[in-house]
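Please read through the structure below; I'll follow up with questions.
For reference, chains read A, B and C in written order, and residue numbers begin at 1 within each chain.
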């Protein structure tokens, strides 16, 4: 036991002896949280729209006004020339072109259906689809207003109407920051711990100090424990810092139990660190570890559901995610922080995460050999 | 010159001997391309929905079935009371709960109006809005069927949409340019900064400096192999997206390659700059990977459009080279435009390259003092 | 004369193969308590391989190896409790100070804090480096690192200390001083097993063995060997054995 303490002491001394790293491990998460969280949103805002109004009637003007009034769109250009509009889109100066035909007003006045042409820059397909959905929504409203204006013309029997009300729980305003902050924080904390621990172990191999350890009575599990504990602690401190910033600066809700969150994060960090050390035992140089680590980190992160939902992934990907600790913590972070999920709500995930942590650490200890 | 080539050759051999790094160097782009192509998508699918049917009549059953069989949703459970809603959402057993008010069917037919409450888990906003709009659309459809009229007869204004540059709405069009951008800069900067700081850390830099090679030759020699490796990486991604996803380069392949080479040079010079600042490999990795990865992915316009961000980010991303390169690639690969449309961004990349090199030389000179 | 002393290392028919390459080919020898045993040979002869097996860092392919009463193949960890080791790189932690390194290894070997502190101070005094106690290893000259590494290896007063090429790259004066430290250690009852390719250091040892291409080709006291081969220095013995074609009569 005392041996472990001596080893842990050495690790901390080494970490903080490097002034840059000592500061970076706390500064980087703070700075990145402050900069990145406000930026990440899938919300549609200020989509630049170019209007080709060949009609210039009262009705077309009303339609344009309704579009302009929406916060989704920003009408940036108006022209009569289709060619010019296309040129603008080509140059990246607008993402949406709405063409209103010259008989728009006339047709609307006479109750004749009339078509509008919308051209959307579909390089970002989902963005284009969302924009299209919003345009559709605005036009549907415009249609309803027209109908309301002509109420008298409609038949007296109005068809049955299903009214839909919607409420968003846990995040009423659909604030994307609430969704992304746990994700960004999780990634940062994992990356820092993973990189530090793995590099650390390989460096001992590279410099030969691991031999000096191997020739002492230090047991394998003692050595590995000392390689995990310091980074575990640093990771948890970073997590705490991130949550504090989230609360103070961004007003992120924290509905659930902080104890539960830290308890699960504790298990998660052991899983991540165990994996880092296991990978590290296969590599001989820091460069190799960095590439191998980067490889696994980026796969785990992208597949964790940080940007896109797990449900949208194909079956085989979801199966791989059963082994992906980041997927679990991503989900748990959001559940506990935003929804107030309790121990029983996430018990299944906790068991799985614990299993991964145990296996990863055992693998690391097993693979590390004191006697070649 | 001969010495220089000899040095370059040694660096190449060094790199190729390291099998693990090589595998990963080519594995990462390939894997990420496939990952983004098949795994990273917002497509709505298999979303668990719970039903709180306080009415349980034929109409609610029909609508429930219609929703459950739509292919987007999975009927996860039937609830009995409002009290159960929080639990089912909190435990992720459902992402949305549809509540049919009492006497739903009767109210709809007799009074002409009935209400559905869609309560959605807002912790995943994207999925939440999609879920709600899809359910609403299905309900509207159902409504139309019930009414027996074709409502479109009442719609005066009928918009049609043309999806430009990407009519089949493939998601690859967005991520492939971003992927190339992100991987190139991360790997290039990472590789060069590591290879140079390694010499610092193991003290072999001094050995190199007293050799007949000039400092500029040393740096060039270390960097040249990675130039070629990165080029191959970029080609790999382009080839894979073409082969697996059918994404062809619409514009000039030559122009694309020239721009890629410029970008690689910029990334390599960034790596050199980082190595002049970092004292150990650990520091270099920290700066590049931990400090650089997330900002590059999130702020360059790769996944999140810059226009949707607060104004400030327009400024922040203005000093991030990847932002410009993404524009260049999208223009050439997908819009098929020529140099005239990207000359501004190209110039900016050139500027960054020279800036990084200039700063590195300055730092290097200071160190030699 | 030697029969009264305990055998601390006993090696019989030790073989170590890497693939098909035999690095150690049926080595057999004994080392007695308290002696300075020199394990000589040219570079690549197999010395480091053997010493790594003796210190439990590597497992033998076949043969019997007993160190400090334990079997190297089956109980390497027990051996490690009773030995000290110093390798060619003098592997101390570059980013820790002198005191921090000593404290770490003292603690690892189970020494009490107070004892570690006492020994640290007396060690620093003896080496004349008291004011450098809080300096990082990274900045220190090679000669001092060598002596420090040795001191750390014997800090816990092990039965045997293994030194693998401890004087590599160090100036002759420092080498001389180092050997004085070895004498003191042996005098205190610690057996010293040292490998080297400096043949002149053989003269400082009680007994030596010479390895060539994986085999032991000579074993005995320096005096015995010189007499047997009828030469004046151990170096000449080596030349005669290892490269007979280069020997001059």
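Simple rule for what comes next: a residue touches a chain if its C-beta (ideal position, glycine included) is under 8 Å from a C-beta of that chain, and two chains touch if they have at least 3 such contacts.
These numbers come from a predicted model, not from an experiment.
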Hey, how would you classify the chain contact layout here, line, ring, star, complete or other?
line
Tell me the chain pair with the top count of C-beta pairs in contact.
A-B
Among the chains, which has its CA centre at the largest distance from chain B's?
C
Approximately how many whole Å separate the CA-defined centres of chain A and chain B?
11
Mean-CA-position distance for chain C and chain A (Å):
57
Where does chain A touch two or more other chains at once, residue-wise?
18
Multi-chain contact residues (two or more partners), chain C
none
Touching residues of chain A toward chain B in the complex: what are they?
18, 20-21, 24, 28, 32, 35-36, 38-48, 63, 89-92, 95, 107-108, 111-129, 132-133, 135-136, 139-140, 142-143, 146-147, 154, 158-172, 174-176, 178-179, 184, 187-188, 191-192, 195-196, 199, 203, 282-283, 285-288, 290-292, 294-295, 298-299, 302-303, 307-309, 311-314, 317, 331, 334-335, 338-342, 344-346
Chain A-touching residues of chain C, taken from the complex the two chains share:
52, 55-59, 76-77, 80-81, 83, 85, 87, 89, 91-96, 100, 103-105, 107-110, 136
Considering only the defined contacts, which chain B positions touch chain A in the complex?
18, 20-21, 24-25, 27-28, 31-32, 35-36, 38-48, 86-87, 89-92, 95, 108-109, 112-129, 132-133, 135-136, 139-140, 142-143, 146-149, 151, 154-167, 169-171, 173-174, 186, 190, 194-195, 198, 278-283, 285-287, 289-291, 293-295, 298-299, 303-305, 307-310, 313, 316, 327, 330-331, 334-335, 337, 341
For the complex, give me every residue of chain A touching chain C.
2-3, 5-7, 9-10, 13-14, 17-18, 207-209, 211-219, 370-372
